[in-house]
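For reference, chains read A, B, C and D in written order, and residue numbers begin at 1 within each chain.
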Amino acid sequence: MKIEGKRRIWDDYQKEIAGDNYFYVRSCVRQNFFPGAEKTFLRYMAELGKNVFENPSHTTCTGIGYHSDIVPFKTAMTMVARQFALMTEAGYENFVTSCITSFGLYTEILDTWSHFPEQEEQTREHLKKATGREFVKPKNLAHASDVTYKFRKDITHRGKYRLVNKDTGLPLKVVEHIGCHYSRMFPSKGVGGAEYPYVLVGMVEEWGGEVIDYPERRHCCGFGFRQYLIQANRGYSIAASKKKFESMKSYKPDMILTNCPGCPMFLDRWQYAISEMEGITYGDAGQGIPVMTYEELAGLILGYDPWDLGFQVHQVPVEPLLDKIGIPYDPEKKFLDINGNAMGKPKSPSYLKFY
Amino acid sequence: MIDFGYTISNDRQTDLDRGDMRYFEFVRAIDPSLDICIGCGSCTATCKAGNFTSFNIRRLHTAIRRGDPGSLKSEIKKCMFCGKCQLACPRGVNLRNVILSLNRAIERLG
Amino acid sequence: MGALFEKLCEDIRFVEGLKACMNCGTCTAICPAAEFYNYQPRMLVDILQTHDEEKIEALLKSDTIWYCGECMSCVTRCPRNNAPGLLITALRSLSQEMGYFVESEKGRQQLAIKRTVGHWILEYGYCLHPSQITPGNHPEQGPVWDWEFHHLEGVMERLGANYKKAGPGVLRAIPKAALDEIKKIFDETGATDRFEKIEAFSKKKAAEMGMKLDDGLENEYITHIYKANTKDHSAGQ
Amino acid sequence: MEDSVIVIGGGISGMTAAGILAGNGLKVTLIERNNKLGGHVADWFRLFPDRRKASEVIDFLNASLGNTEIICGSSVTGIINHENSFTVLMDNAEPVTATALILATGFDIFNAGKKEEYGYGIYNNVITSAELEVMFSTTGSVLTAEGRPPSRIGIIHCVGSRDEKVGNLYCSRVCCVTGVKQAIELKEMYPSSQIYCFYMDLRMFDRHFEELYYEAQQKWGINFIRGRLSECAENADGSIVIKTEDTLTGKPLKMSVDLLILLAGIVPSEGTKQIAGMLGLKTGDDGFINSADGHTRDNSSGIPGVFLAVTLKGPSSVSPVIADARAAAIQAITWLRSKKNMND
């Protein structure tokens, strides 16, 4: 593999990312499954002295409903317009989404409006009629991973740890997984384009790790909206993730890094389900391959407590990875509540290790 | 093992790295004319069995050439050996002999 | 031009998605749905560009249009700038509009999505809510989720969420005024109408199939559409 | 002034035109920006469909040049139209003036790196058909990046052709038969190898092309799969995983190959684009120069005294290129001899 070839492509796809004053909108999936990730994003942005504003009245963009086709496009456009209106009312112009599905939908809608201005007009009318609100389109639209990518060097400077094996001194091997809706429809809207996105690679390189490219890197995790939401369709969803694990396993990755809401949850949970269905585990000796979000990884680099980041709600244990880097953690505190009281413990799976 | 209410879907993708080329090699040794097929579909267009069933002779012999004999045994029974495919083939592929050879391959290879 | 094709052309996603297909197969080559279902986005585009009303009606009533996962990988690849993934969104919209979705097993599943994600949007302001991700319906979420589900308030508090409370933060309670706005947007832009159509057509179909269907999630029809595969959807071709 | 012609572009087209003009006693100057004549054909090993050596064609054209003044290593920087004559300015040579111009600035090979998903310039075992010809003609052996003989080879048609994503809607014409020719040559070199061509249509339009395709299937056992390459990735051992649909079975298909050859198409050359700009010649949506009339005046540029020789008008193969260059030369001669009373 010639890395210069990728660098040439990366140079072609450098998008503009605003430097401060962000209007932040949350993700349906991530709030449920990675509450610590969104919290961590706001924490390091504050430490970096950046202003990130959240209006409690913002809501879903309806992306999951839209992509499972119960929500019409007109509705999605108007819901997105309402978010823009909240941004406008708060005096912001830089819009940041926590969710990739949202980011893709916002991008698609802005593109639609530029090609079909009458759609924008109609949306404005719908919004006005339904809510009385008006909006200005954002000057800059970014995903939270874009923003984290932008400040990756600042995170290094404040960081305590690097993605290096403390015993061998070798970089940790990371496979990255990009959400499908990050740049597939609009390659120029993603850092690094659609084929070799650089947004996560840039973080891993900066923080000392080594990115492993593997044949099924571009394959979807298998969420497929209705393909997971309905139990009868989940065979598709799990098969897609399995295909990725089978393809990456010979490279012995130390971890999987993701920028999408659903992907880390599926890549985490499906390792458990595959083990319980087929007795197969990936990674060393039943440990699985730890999966994390870029915020969780940034948090580790910055030396935040792993249990503040939310690793206790991952099914695939991250302790082996923490040990490799040399990040201290207190196993006794893993499942305690905020006051240090016990809340019981999850049951141990049959095959996948449990700490 | 836990029953999750579903199973992991099988992959339909043709994987030429893991293809079962035995049927193709068997037929080829008897009748190499399948090599010159241009995939035009004249055989399927004229096929009597294909007019009354889901039988698709072109798809079947293409799948054999791709090492994918999955539906061979059930599909090949639909052929009525009328030989029209062979008449229609612009490249002169001896399709009747190909089908006969495939039947022999099934006997031999299972 | 036939009536169905004309209706599809009213959808800008359809107009954007259908240019001219040369049957090259780059879409099917990397389509996750094509790997696991009897589905080829190439065939879908090829059928649509015939403008054949009978074929389009059959498509709208078939399982075929419900296999796609809307990952949009096909959009990146098409050398003719077609977008099969966008065409799917237009076809699914029309299938629900016409009530054709209940004619296929995969299409009938729309009611279960409407009664979960659809209702959660209106109730919680988000497409999902942890209180609704029950381990029973989501066994693959595993023992950690099972533990979390039974200690949601404690876990969410530990991780800095603002669970069910006012103000900003993870899983905050969405103000009633905001939820009212969502409802008004839904009424104004056709989502409410679609919900009603999904309900009405599904109720008719449930009766036709002789299955019990009430307004909740625990009934014969919902359980059936949520769990059943009565045929092998990967078979064929 | 004495009738004279400047031929811009020293590929087989320009060489042919110069040879005809010189043979008719005209003063001819042939300008080439590279240091040698022969253009792309000089870098090719064997030509389709009969696999004769490309160097034989170059030798023939060289021998025909007669008294042609040859200026190599100079790019044209400007053209002055004096109505009755033209002065061509160059970066590395003195200006030249003549009474007619023949433009033969030709094509470039599509930059396969633009098809990012094919990994050209990233994955070591992805090469172009042009690079394969260089391997044939220099070392005479074709090895993988790891130095091994390839046991499985993929040949990809339509790279940069028939593809709106890279802005080229047109067919490059020569790739189909080049792929078939190269498949046979590789099979000759490695009889136990498996060779797969991935195509959408096999456009065997000219004499003996279809026969070559037949020979590739019947004699050499080359596999043809109807499906356009969707994407590539690299295996740990450096082999390339390719994904396509076998459209005749309707299933996605993947396989690993040791070497992947991209039949990179034809695009208007930089020189062609520059010349079009200098003279104000009209180009089509495809970037190639439009002649005055595609059927009846295909060698006329619309500017009196300026004549066009394919392939600046679009992709073409060797024989038609030579025929078209001869036609351009004859038309220039006719125009000059008729005392320029025709408008072209």
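Operating definition for what follows: a contact is a pair of C-beta atoms (placed from the backbone, for glycine too) under 8 Å apart; a residue touches a chain by one contact, two chains touch by 3 or more.
If you're wondering where the values come from, they're calculated on a predicted model, not measured in any experiment.
Q: Please find the path from subunit A to subunit B through touching chains that uses the fewest steps, and give that number.
A: Contact-graph shortest path, subunit A to subunit B, evaluates to 1.
Q: Of all the other chains, whose mean CA position lies farthest from subunit D?
A: C
Q: Centroid of subunit B to centroid of subunit D, CA atoms only: how many Å?
A: Roughly 40 Å separates the two chain centres.
Q: Suppose each chain is reduced to the average of its Cα coordinates; what separation in Å results between subunit A and subunit D?
A: Distance between chain centres: 46 Å.
Q: Taking each chain's centre as its mean C-alpha position, how far apart are subunit A and subunit C in Å?
A: Distance between chain centres: 22 Å.
Q: Could you check subunit D for residues that touch two or more other chains and list them?
A: 117, 226, 231, 246, 249-253
Q: Give the residues of subunit A that touch two or more other chains, as numbers and ranges in rising order.
A: 194-195, 218, 231-236, 238-239, 243, 273
Q: Where does subunit B touch two or more other chains at once, residue-wise?
A: 2, 4-6, 9-13, 59
Q: Classify the inter-chain contact topology: is it line, ring, star, complete, or other?
A: It is complete, because no pair of chains fails to touch.
Q: Sort out for me which residues of subunit C touch subunit B in the complex.
A: Spelled out, the residues of subunit C in touch with subunit B are 34-38, 139-140, 227, 229, 234, 237.
Q: Could you list, by residue number, the parts of subunit B that touch subunit C in their complex?
A: Checking each residue of subunit B against subunit C gives 2, 4-6, 9-13, 59.
Q: Mind pulling up the subunit A residues that touch subunit C in the complex?
A: So the residues of subunit A in touch with subunit C come to 26, 28-29, 31-32, 35-36, 38-39, 54-60, 62-65, 67-75, 77-79, 82, 104, 112, 115-116, 119, 126-127, 129-131, 180-181, 184-185, 187, 194-195, 218-220, 222-227, 229-236, 238-240, 243, 269-270, 272-273, 307-308, 310, 312-315, 335-338, 343-349, 354.
Q: Can you tell me which positions in subunit D touch subunit A when the two form their complex?
A: Contact set of subunit D toward subunit A: 113, 116-117, 119-124, 231, 233-236, 241.
Q: Where on subunit C is subunit A touching in the complex?
A: Against subunit A, the touching part of subunit C is residues 11-13, 16, 30, 32-33, 35-37, 66, 68-73, 75-76, 83, 89, 92-93, 96, 106, 109-110, 112-114, 116-118, 121, 125-130, 133, 137, 140-148, 150-151, 154-161, 166-172, 174-175, 177-179, 181-182, 184-191, 194-195, 198, 225-229.
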